[in-house]
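Next up: some structures, all given as structure tokens.
Two complexes follow with chain A in common, the first pairing it with chain B and the second with chain C.
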Partner chain A sequence: MTTTTVVEAWTEQPLVRFVGQSSARIVVVMTPAGQVLAQHGFTRAVDLMSAAALGAAIMASSGALAQQVGESTFGALYHAGQRHGIHLAACNTPRGRLIVLTVFGRETSIGLVQVFFEEFVIALRQAAPVEEPRGPVLPADFENELNSSLATLFRR
Partner chain B sequence: MSEALSRSLDRISRVRGVRGSLFVAADDGLAVAQLLMEGVNGKTVAAFAASLTRKVSGAAGATGAGRVRFVQMQCEDGTLLVALAGELLVVALADAGVNIGLARLEMMRAAETAL
Partner chain C sequence: MSLVNFTTREITCKIVYYGPGRSGKTTNLQYIYGQVPDDRRGRMVSLATQTDRTLFFDFLPLELGSISGFTTKFQLYTVPGQVYYNATRKLVLQGADGVVFVADSQIRQLDENLESLQNLHQNVLEHGIDIRTLPMVMQFNKQDLPRELILAPQELDDALNFRGAQTLSADALHGQGVFETLKAISAEVLRKLSESSATARRG
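Now for the complex of A and B:
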């Protein structure tokens, strides 16, 4: 059974709607550092953390590449496979910059995912709380925060 | 946009009532070439036309009707027409009162050009 789980409650409604409209199989909403805010489709924490880390790394490296060719950033990345496609894009919200990784199958198309992604971004911007300035992150806090996020996402 | 595709879109768009025409990649639902009136969202039309065609093709296959060649979706306020051209779709968005026969003729010609 596929599940939708969220760390930050404001992401849930836009995410559920996006998944329903686009027929995406997997969606991960994360910060540029790879911290997961919400996800749909993963059942194992290790898979989710790997996907988030890879997605954030791809965005970081493509952003660096964009700057080298004189672009401020690339809009979105799309990879087409035999059975799955991947759409990876960033958006600015009051909560800060977010990255959305979407994996979809043959039952939908990149065209539909793009169309509904635009609506998803608008919904995220409307729902997002304003980001509060954060203090320095200590190693112990980081571990606690990570464990707490994983526990919330996988209801442990 | 290649010259031949551009000419085809121009011919379709000259049919009275047509608000826009596009060549769309059937698998991706992305517009390859388009000629649209202001206010027509090409991205959305392309994505939904490809999705509709995929579903109609599935239904045609399941009922033994064979390969789909043309799709006509008549709505209260407009008409969506799709002609299949291999990996491409020829899509037209038109007013409800458009001359379907004429639009279809131009779209089938465009499909032959694209093949």
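Now for the complex of A and C:
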């Protein structure tokens, strides 16, 4: 089933277009810390949260390796499997550095993903608002609700 | 930084369990994983060596429930405790909203605790963050061991707790103190989020 989840609305239009153009199975946009900002595609293709954590870790470790050999960063990473491939790349936007994980199958190719990824990055940069999002409104007495939620979670 | 989705009213925070090797960081996450209902947790990912020592990190996504109308999700990570893995340890700290420092209460591990704590300060600083602004709690783990082998919580507090963080005694293997630790760091992280949003509203 194809689903879309967006934390920041400006990512949605470029993301949906990228998935359509590249025929990717799923694309996940995340922060360098591994928090999912948006995803679109077949959610069954990957375990979303784990994939984001692992994708961010791969990018962080390859960036650290790049620095060790005197490079500021490496470009996109590509891994090919029997049925699926992944393309993992970072891009800078007015809202900070983002990481994009693209999972694709045999219906497309790494070449197509790379071509449309470049267009996707341009669209993301154009769509990104410069101003900070407003902060959440957590009241000072949130702790009662937190305690109750945690007690339920741990069945206490 | 905590991620807030105003459309779906979700808050996502990253918590890192830090500490020396074999202090019980992974054990904390394994206990939580075992206690929480299936529908409130995701898959636990462990990148470990063949001898089950953490190589890169453990990862456990958790849904705490609704707080002030926001569905609150925590992503729990551990770091590899062994000194050798500092490069990867530093990477896991990136974007952390809060840290649980898991200290090993054994007397012979005191130097390792101190070294790990100094390493935490150094790595946080290298991410451009003042450790005093980062929510943190300390867990004194393995308090179930015989008294002659361990330091009492007060002694550990004197030796390790320079910044006056909240401290909790634990026996993570059997779950004692694990829930309380998660509760304490959750409150610290959300309190900071609440304070920063109040500051933003005033600004």
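Methods note: the second predicted complex is superposed on the first by the 125 of 156 C-alpha atoms of A that agree within 3 Å, B and C clash if a C-alpha of one lies under 4 Å from a C-alpha of the other, contacts with A are read in each partner's own complex, and residues count from 1 in each chain.
The rule is simple: contacts are C-beta pairs under 8 Å (C-beta built on N, C-alpha and C of every residue); 3 or more make two chains touch, one makes a residue touch a chain.
Note that the coordinates shown come from a computational prediction; the quantities given were computed from them, not determined experimentally.
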Now for A:50: first (chain B), second (chain C), both, or neither, which partner does it touch? second
Looking at A:110, would you say it contacts chain B, chain C, both, or neither? Reply first, second, both or neither. first
Just checking: does A:34 make contact with chain B only, chain C only, both, or neither of them? Give me first, second, both or neither. second
Which partner does A:64 contact after superposing on A: first (chain B), second (chain C), both, neither? second
A:16 in the overlay: touching chain B, chain C, both, or neither? Say first, second, both or neither. neither
Between chain B (first) and chain C (second), which, if any, makes contact with A:123: first, second, both or neither? neither
What's your read, chain B or chain C touching more residues of chain A? C
In the overlay, answer first, second, both or neither for which of chain B and chain C A:77 touches. neither
So which positions on chain A get touched by both chain B and chain C? none
Residues of chain C that touch chain A when the two form their complex: 1, 3-8, 10-12, 14, 35-37, 40, 42-43, 45, 47, 56-57, 59, 61-68, 70, 72, 75, 77, 87-88, 90-92, 94-96, 179, 182-183, 186-187, 190-191, 193-194, 196-201
Going by the contact rule set out above, which residues of chain A touch chain B in the complex? 80, 108-112, 114-115
Complex contact set, residues of chain B against chain A: 24-25, 27-30, 43-44, 46-48, 50-51, 54
Which positions of chain A touch chain C when the two form their complex? 5-9, 31-37, 47, 49-50, 53-54, 57, 60-61, 64, 133-140, 142-143, 145-150, 152-156
